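Listed below are the structures to be examined.
Look at the two complexes coming up: subunit A is in both, with subunit B in one and subunit C in the other.
Right after this comes the complex of A and B.
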């Protein structure tokens, strides 16, 4: 599991690669929270994430709460069909903006 | 039934998930059913390794048994960790799941995903062993 942070204009892009499960969700959450402490425009690129368990959902939940508290927005990019199903079943999907590609995400949040 | 034994440590969770993927391919499960079974296996294995063994200071293993019939794929986890019935706890209901994320309680999602993604999930404690049973229906070829 790798987490890469970059900036596109004034947007913080968090790119995750690998599986976000009980062993890796803590690291993902820590890096994502650190990178977004004062940011209100955030893209999380999940196009290289094959598997996301409930531990990954919890990490997204915590990140969402922190960003929402300062009226920020989170766009999720490249979410696989299977992960979208999981987010729908758990009622997570409505709280995030979804986009296919980074460019679409930038437009959606801009 | 075929079986494979994994050490009762968190390091085994990735390997169990991969093994479940292989079994699913062998049984001919589609992509979505395969993902749901991998997810359920991950959630239950995580509970067993983390709480049943490691935090309880116990050691042991997790045996993954499976059989494929014409109608279904049956996967059974057997372990000697602390007795734990995943179904004993109240699951989040529709009301909980429609709450804004700001008001959500943080637990219970793993078991919810297990129960909702598996056609028939059950648990029993037999001969000092936890048995978590996952059944997935197989689509008959036309």
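Right after this comes the complex of A and C.
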């Protein structure tokens, strides 16, 4: 599990690589929260993530809630079809804006 | 003053830290309550009780591992009464699978069947591993086949709340999760799953259903008693699921995400979506027995933890079999009673379930020696429980031990019943049996002969359900055809009260097929204009057939799967069902919560209900009579609070048409035809509010074996 933080214009892009599950969700959440403490435009790039477990989904939602609480915007990009299906089945998808690629994510944030 | 941000105060607790260590695992004394496994700061609290065990060991696995990674015997000082409890620290709750070994005597004659070689599933586990994907071949040599797991219990319900619809306003649709969308004709993503139900919400709403009753969704083992079909070689399985392995866990194999262990979130998402669309969810729950069978059965959980507590035992230590499935849960033992209560509270509070239908509920009123109790503590507890206060409680008021309590089930002002007498009376009447009009007059009124003090809402009216023939098959088969079940056609009931209309099974005969459709429409008409709560069986609105099989519990195939192409094959049935449901919902006079008084208490000039024959105001009660009519006075709707139309329903089950004299209307009201099942498709049922005027306001012809519904407005 690797987390890389980038900047595209004024948007913070968090790129995750590997599976986000109970073993890595804590680390992902910690790094993502640290990188976004004072940011209100955030993209999470999941194109290199194959699997999100229950804990992984919750880590994303916690991040979303924190950003939302300060009226920030958060967009998920590169979410595989299988992960989208899981998010749809478990209701998590309703909380997020999804975009295909980073460019689409930048547009979605506006 | 401490605040939420003031974490230092919250952290000042000395029980967040381990005091003991064993095999590298850190743990401490736990809390006796709640039972089960619950997350606490830094760890998980495990709690389980046994009245006769001499020792208990907690067994911990990583998800799917062949062998446990740790076994921690409960130190004697951790035991509180009969409860073994401890907190274990630093566990990966997402990957954890846990179980117990219980030591104690193996002495069946004394009721004890302990065996510490077996790893036992926690009766309070919130989810179960081992049958994660429907019919995926399990590891038959697994040392621990049904693995207790924790579940995330932090679902975001947003503003959801159980709907609490008045029970008299419900139109219940009994369905099987897998059968509903498994057939390719359902054309859904993830067919046969909880999630797929969401794709059919629009269908249910369009049909007018506002409550779905799910056949068992508690974790069961579809492989239980599986065997090849002697004729086709196809595997016969436990498809219906009336054999619970764990009462607190949803069936993982019904979840598209079961393989990821996310069935809890998935089911809750479906319930939330159904609620958003005005549809309640009732669960069919099976507290009369478990999947452990009789003395020859597998030990999964209860038997190895506290056999004598969980099961009704004969004096010799064998299992009473009031359920017909090998054992009987000892529901009126206080420990088991509390488990049932904890379980239902959990489903009501954590899953927002709107109600429960109790399979073979008469067993819940039996004492520990099997005798029927006049004041069964379990039923009373459920009726008065504050968490369940707004839940519908529905009893299947009989059991396989011969206790038949329709009309006499201990109700405490709360319980409704599957009205088996409604089903039987209406079926006999529909097929033209003599001597039924007296019974029928009771049934369409909400069975005041059975529920005089309880009111019509005690009566769940149904003509077909998962047990027995579908509505289509009631009028297509004289006899059951259960050969495919592999029991030489000896299983399933023989009292079907069915009539094949002249040919056994499918036919090309146009007249017979017209008659069958007409009889189905007659049934739908009577069901939806009866006082009480109507329940439809999944697919009856489109002419679903099970090919004459009246006990399809073991088929994971087209005998159970709903064939959605029937909507195109039988559009007239769907249209009829959809419009008659709308008709019921539009007319409060059909949905009374109190019984009729047979008097005019609002000064309308008409009694609330009146009975008629071929002559108005003259009902023929004689035994050979097969027809009658009744009229409801809309001014009496909801005890006179709401003004509704007059409704007149004429039912002629005689083999020739009859002329019915119509009661005269007052206040310039005229009779209009809502439905006439004798008419061809397209002319058999009106759109709501567009009912054509009856030309002759004095008489109508009601065709042979037909039902006519008129609206006076």
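What we mean here is this: the second predicted complex is superposed on the first by the 110 of 110 C-alpha atoms of A that agree within 3 Å, B and C clash if a C-alpha of one lies under 4 Å from a C-alpha of the other, contacts with A are read in each partner's own complex, and residues count from 1 in each chain.
By definition in this document, a residue touches a chain if its C-beta (ideal position, glycine included) is under 8 Å from a C-beta of that chain, and two chains touch if they have at least 3 such contacts.
Keep in mind the model is a prediction, meaning the values are calculated, not measured.
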First (subunit B), second (subunit C), both or neither touched by A:85: both
Which of subunit B and subunit C A:103 touches, first, second, both or neither: neither
Touched partner set for A:53, first subunit B, second subunit C, both or neither: both
Which superposed partner A:68 touches (first subunit B, second subunit C, both, neither): first
Touched partner set for A:19, first subunit B, second subunit C, both or neither: first
Superposition-derived comparison: subunit B or subunit C, residues of subunit A touched: B
Residues of subunit A at both interfaces, subunit B in one complex, subunit C in the other: 21-23, 53-55, 57-58, 61, 85-86, 89-92, 95
Complex contact set, residues of subunit B against subunit A: 10, 13-14, 17, 31-32, 35-36, 38-39, 42-43, 46, 50, 97-102, 104, 106, 109-110, 112-113, 116-117
Subunit C to subunit A touching residues, read off their complex: 92-95, 152, 154-156, 189-190, 193-195, 255-257, 260-262, 265-266, 268-269, 272
Sites on subunit A touched by subunit B in the complex: 19, 21-23, 51, 53-55, 57-58, 61, 64-65, 68, 81-82, 85-86, 89-92, 95
Residues of subunit A defined as touching subunit C within the complex: 21-23, 53-55, 57-58, 61, 85-86, 88-92, 95
